[in-house]
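In what follows, chain A forms one complex with chain B and a second complex with chain C.
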Partner chain A sequence: MELLVHYRGTLITAVLAVAVGLASYAVVSSDPLAGHRDRSFTMDFSRVYDVDPALIQYEQTREFSVSMAQPRGISVGPEDQIYVAGDQTVGVYRPDGTTLAMIPTEGRPSCLAVGNDQHVAPGHIYVGSGNRIEVFDDDGSRVATWNVPTDDAILASIAVADESVFVADAGNRLVWRFDPSGELLGTIGNAEAGGRTFNVPSTTFDIAIGPGRQLHVANPGALRIETYTFDGALQARWGNPGVAIENFFGCCNPSQFAVLPEGEIVTSEKGVPRIKVYSEYGEFRSVVAGPRQLGIAQSELGDPRPHQAGVVFDVAADSQGRVWVLDPRRKSVRVFVRLDEHTGGIGFQPVNLESTGWKPIPLSAPLAHASRRHGSWEEQPDA
Partner chain B sequence: MSGEQQTDRRGFLADGARVVGVVSAGVLGGYLAGQRGQAEENRWQIDPDKCVGCGNCATHCVLDESAVKCVQCFDMCGFCNRCTGYYTLDGLDSRDTAAEDLLCPTEAIIRTFVEGKAGQNFYEYTIDTDACIGCAMCVKGCALMNGSLYLQVMHDRCVNCNECAIAVACPSDAFVNVSADKPYRLKRIALGVMRQKAGKSDTAAQKLLGQVHADE
Partner chain C sequence: MSSRTLPSRTSNANNRRSNVAAFARRWIPGVYHALASVATSKLWITGVCHALASVATLTWVGDAMAAETPELMFPVPEFSDHPIPTATVPEVQGQIAPLLDVAILFAALCLASYFTLVSRSRRNVLLLTIASLLWFGFWRQGCVCPIGATQNVALAVFDPTYVVPLTVVAFFILPLVFTLFFGRTFCASVCPLGAMQELIAVRSVAVPRWLDHSLGLVAYIYLGAAVIFAATRTGFIICRYDPFIAFFRLGGNADMLIFGSCILLIGVFVGRPYCRYLCPYGAILRVLSCFSKWRLSIPPGTCINCQLCEDACPYGAIHPPTVAQTPAARRRGKRQFGFALLAAPFLVAGFWWLGTTLAVPLAQWHPESRLAEQVRLEELGVAETTTDASDAFRGSPRSVDDLYQSALTRRNDFVTLGGLLGAWTGLVIGFKLIYLSVRRRREDYQADRAGCVSCGRCYWYCPVEKVRLGLISDVSEALPDGRTPGGPLVQLTVGGKKP
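What follows is the complex of A and B.
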């Protein structure tokens, strides 16, 4: 006891020294940021990567290679033949993937369309490259070549109706209308001509013909699809921006779309690649394929390298309602068929639109708003 | 006597001419060698077409504040209202400018209203380089759309280490040596756009092409 009293000061110093040492060790060895380090500069895409399986109503049934280094566009022609443009060629394939022809082109195609049975020249192939349209007949012989009347055109899409050929020009943010011989009939969205300006932030600017003799135009910067008469009068518009599956993601989507036989619209988005089906009036129906089904790893989302970030899946639809997807990474065509038709399985399950926040856009109010802000609308006849 | 003097003068002049020739050749050779040496002086730079936006640039630079900063290629930007490089996924929906809805951890992206057209609002996105830490969050977000934001080593800050610590840590070999007189790079797609513009007598594009490393 006397010893304790005698060495009390020394003992207290020793205890304090040990305590300080332990505390120092604890501070040095601990890493309060350890849990955050791996996540510091990462983005969590799981919310957009995973798609509710119940919404996926399509299944891939076939895939065939297109033997092109850079396939750019896909279209379906008479007898459901598949046409793919890329490199300096147009490949023609049977639905089973058998190659029928490889048609050389002068330019490097960026888009194409094929006249269907309603077109004055069924089977004629219209190929866009640079500021030029190359026309081939149904056996691949060159028929004509005509130029879009501007140098700074970026031809993004072609749609062929009965007696009209529409060409979407992302460079000038408008749609050209030609007759099948190449005579310019007019434009839609031409700001200089008093029309409305499409918001086209990138080079994707798709168009397609609806079954009711309408022209559907993607307005990608506005994240919606608009429907016009062939004369350029707006009939309808739909589409909501948002991350949720029923909306259009990012700042410029849908990047591609196609029209199914009954008028439903298949959309393809870039950034977070996902292919979906909407009614003609914009009601979300189902998912054809999400990023996972398209072969995109979650870690690839947001990868800035061009071969990852620049991926755009073009889509086309045939007379049987099959969805044809051009995969630029696998350089292949992938065929998606509705599950109920393919398997006789689960059938279409209507989505509870209210639960997703979806509300059809009333036409009257937005159009009136548009006409007030943009005088050009008032000059166009109401649909 | 005078003959010897004439011979000496001639010899003197000949020797002098030889010396001057040798000295001139030496000077010229030295000058050319020096010029060549200058032309081969290199700087570290990021090839934006190889960058994966891993975030190492923010944490591996030997400087307290990384010399790597984000840059904006306005010719590729869509000036979008809903910018995926500016907003988080939640922010895209809310378009709230609260810090938790912005992608940049240091709020280094400045959003400025440009104009309203066709019912759409357009915004310009510029980088506050003093605030930017080179983390590449915006680069990954922007890659979801046009990919106009990318990283570059800023040579008013870089100390040009012999062995760049970020280059060692770079997972995609995106760091390259480029000539010191043109130490910046454009994305390949932007290079194409600039060449098109330069071909149409766009002086800004011509000037930019004169400043960037343009090997493909």
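What follows is the complex of A and C.
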């Protein structure tokens, strides 16, 4: 005790020195003005990143570059030719990736569709850009330009039926219906007309024609797909929100979808990118590709940076049931084929694609200029 | 897991709801326009009609939409197993609470001034200190406080777009006004930060004068930095580095908890370390207190120069009577004064230059610069993760180049601002040197005008005060053995204070 009293001053000085040092350290190490990521609300995406391998019944068989800076939409036309819209052009490709034509457009296309054999004008290309639809003949010549009767349109998707052309407008949250001459026939989901409306929080708002003359419409904010008659009568709706693989996840999904020949629906989700197959009635069937198969790293999920946040994998389906995926990051088209068709069943080793002569086109491959005569595209040498 | 639902268009209920919605959409805008057109001659009537029609529209359409399409509302996403919390609407406080705060502050300042200057009651001052700590500290959680309000006022002065609440202005102004009249009575027993330190100053040791004066400059530099950071919307650093807010709110940043704990530990031995060496508002009050109309006087009558008050003051704010100066000391003092006067401009210029060199580290405090740096790291691919700010930036239409340009502009601004902060620092140091070189004559023990926080501790020890209160009959009863009035501890210049 005497020692404490004797060294009282020294002890107090020591305590003060330690306290000052600690306080200084706390102030220097603290950075209360720093921007942080609030981890308390960070989502754990590990559950959704890996998909049960047993559910993946497709495999990528090839991939080819589309030579566009910003590919936006993909569609399959007659003879399973692939049409890709992006930049200010529409690229036409053979299924093997050979470039047949590059059709310039006036606007920057956001979506496109091609009339199939049931359409009154098979091969007609409908390209949505801004608030208008540019129509091209099957030889790439411009046929007409239709204007959507509103300035605030965001054309997100086009679907071509036999005698109707449907255009999904995310800006007005409705579907316009035109006849092949461009005359407006009506709308579906028009709030001013009463009845049902669509919940469209973002610019993704896809539509497609089913084999039974139905119009499938994604209601992305409601996380489901709805089926209408061409007159706008709701026939069915399906889809549940949720993180599980059979559900639709995120704010507004499915962002894209396509209809397979048998009426099954291939959906593509954004945010946590995954492509899945459902029956016409919404029964979950299988997975085409999960985030890993699409080349998305787990750390990228939830990352709002443009290269990830802006990625929306548009999908299309051809007459053979192949799923064509437009990868905007790799600026390529990726082809997925069912494993049982491709290998003879799930669990079989995939065939060596290179031995079959399927080779991906190098990204630096030159474009071919082509014109279409007498119903078929002919390759032309570079100009 | 999937579901198929029958078409709902055929539902009679839905049709009825659709009819309601259609009616609302068709008729309410018409009513709205009709009301508005009828009232075009009177603007106020137009306003009322617009408001009524808008409310009616919202009510009708809202009800109709909600009733019509409940299934089209956003479904609750399945994020995880975390239960979705129930949304609650916070209670609207209205104007009563802010007015009550101002009223309580005013009352507390009145009481503090009364207890300090009129009733001279240390006990009441102490009780008020505890009450202020409980109310302004733990109940109001340290906000609004005059110390932080300095930044709001600074921002409002330099940024006309910022609207500072009147409550905040009142919190800033009231203690200043009271200080001009009654000295630092706010510090005495109203400020919750001061109250916290006041209650733990139990083992105070004397801080060497040179160290006390030197550390006292930090508060002025802190004030300058806080004003610049607030005026440029860099941040309210006084609030961010408030050492006690974590205690008031019973939780906070670990670093700030350590900082606050250390300040409290230091406060056990060094009275009110935050008030004396860091508080930027205290720096303003120090200056104003020098001009206060009334101020605390230690003895109620004639000072007997017993030195008990100086020993009792834990803040080193009581100065002894001055001794007679020798001619040599007087000449030396004059030389020091002249040197200080000459040095002041050089100090201002030197620190101005030094401040300009700190432009980059100062600018890095600004959120814009931080965001630019974060985005740059993200663009380079070396950022480990994004931040909320960079996430928000990515979602905005603003370009990266625009952000970089803005950050560069901000950095150039901070060259000037850093220079100003440096000049302010030089000015404060120069003024301090001049202040210290000026000799003041004191004939008895006096509280330092700037440093005295009017806590009234000296009342408890002053023998003259005890005689006044009737606790003792003669001052000698309160003096320790061997200490007599006018004893060898002090040498008076002209004797004791006249009665």
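As a convention for this text, the second predicted complex is superposed on the first by the 303 of 383 C-alpha atoms of A that agree within 3 Å, B and C clash if a C-alpha of one lies under 4 Å from a C-alpha of the other, contacts with A are read in each partner's own complex, and residues count from 1 in each chain.
Everything that follows uses one rule, which is that a residue touches a chain if its C-beta (ideal position, glycine included) is under 8 Å from a C-beta of that chain, and two chains touch if they have at least 3 such contacts.
What you are looking at is a predicted structure, and each value in this text was computed from that prediction instead of being measured.
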| item | value |
| --- | --- |
| Contacts of A:29 with chain B and chain C, given as first, second, both or neither | second |
| Of chain B and chain C, the chain that contacts the larger number of chain A residues | C |
| Partner chain(s) touched by A:174 [first = chain B, second = chain C, both, neither] | neither |
| Which superposed partner A:221 touches (first chain B, second chain C, both, neither) | both |
| Touched partner set for A:20, first chain B, second chain C, both or neither | second |
| Partner chain(s) touched by A:283 [first = chain B, second = chain C, both, neither] | second |
| Chain B versus chain C as contact partner of A:133, first or second or both or neither | neither |
| First, second, both or neither for A:250, with chain B first and chain C second | both |
| Touching partner for A:238 - first (chain B), second (chain C), both, neither | second |
| Chain B versus chain C as contact partner of A:301, first or second or both or neither | first |
| Shared chain A surface residues [contacts with chain B and with chain C] | 43-44, 196-199, 201, 221-223, 241-244, 249-251, 303-306, 309 |
| Residue ranges of chain B in contact with chain A within the complex | 48-55, 58-59, 77-84, 89-90, 92-93, 103, 105, 117-120, 135-137, 139-147, 150, 172, 187-189, 200 |
| Touching residues (chain side chain A, partner chain C) in the complex | 9, 12, 15-16, 19-20, 22-23, 25-27, 29-30, 32-38, 43-44, 191-192, 194-199, 201, 219, 221-223, 233-244, 246-247, 249-251, 278-279, 281-284, 303-306, 309 |
| List of chain A residues in touch with chain B within their complex | 40-45, 47-48, 151, 196-199, 201-202, 221-223, 241-244, 249-252, 270-272, 301-306, 308-310, 369-370, 373-374 |
| Residues of chain C defined as touching chain A within the complex | 1-5, 7-9, 18-19, 21-22, 25, 69, 71-80, 203, 205, 234-235, 237, 240-241, 253, 255-256, 258-259, 262-263, 265-266, 269-270, 365, 367, 370-371, 374, 378, 385-391, 394-395 |
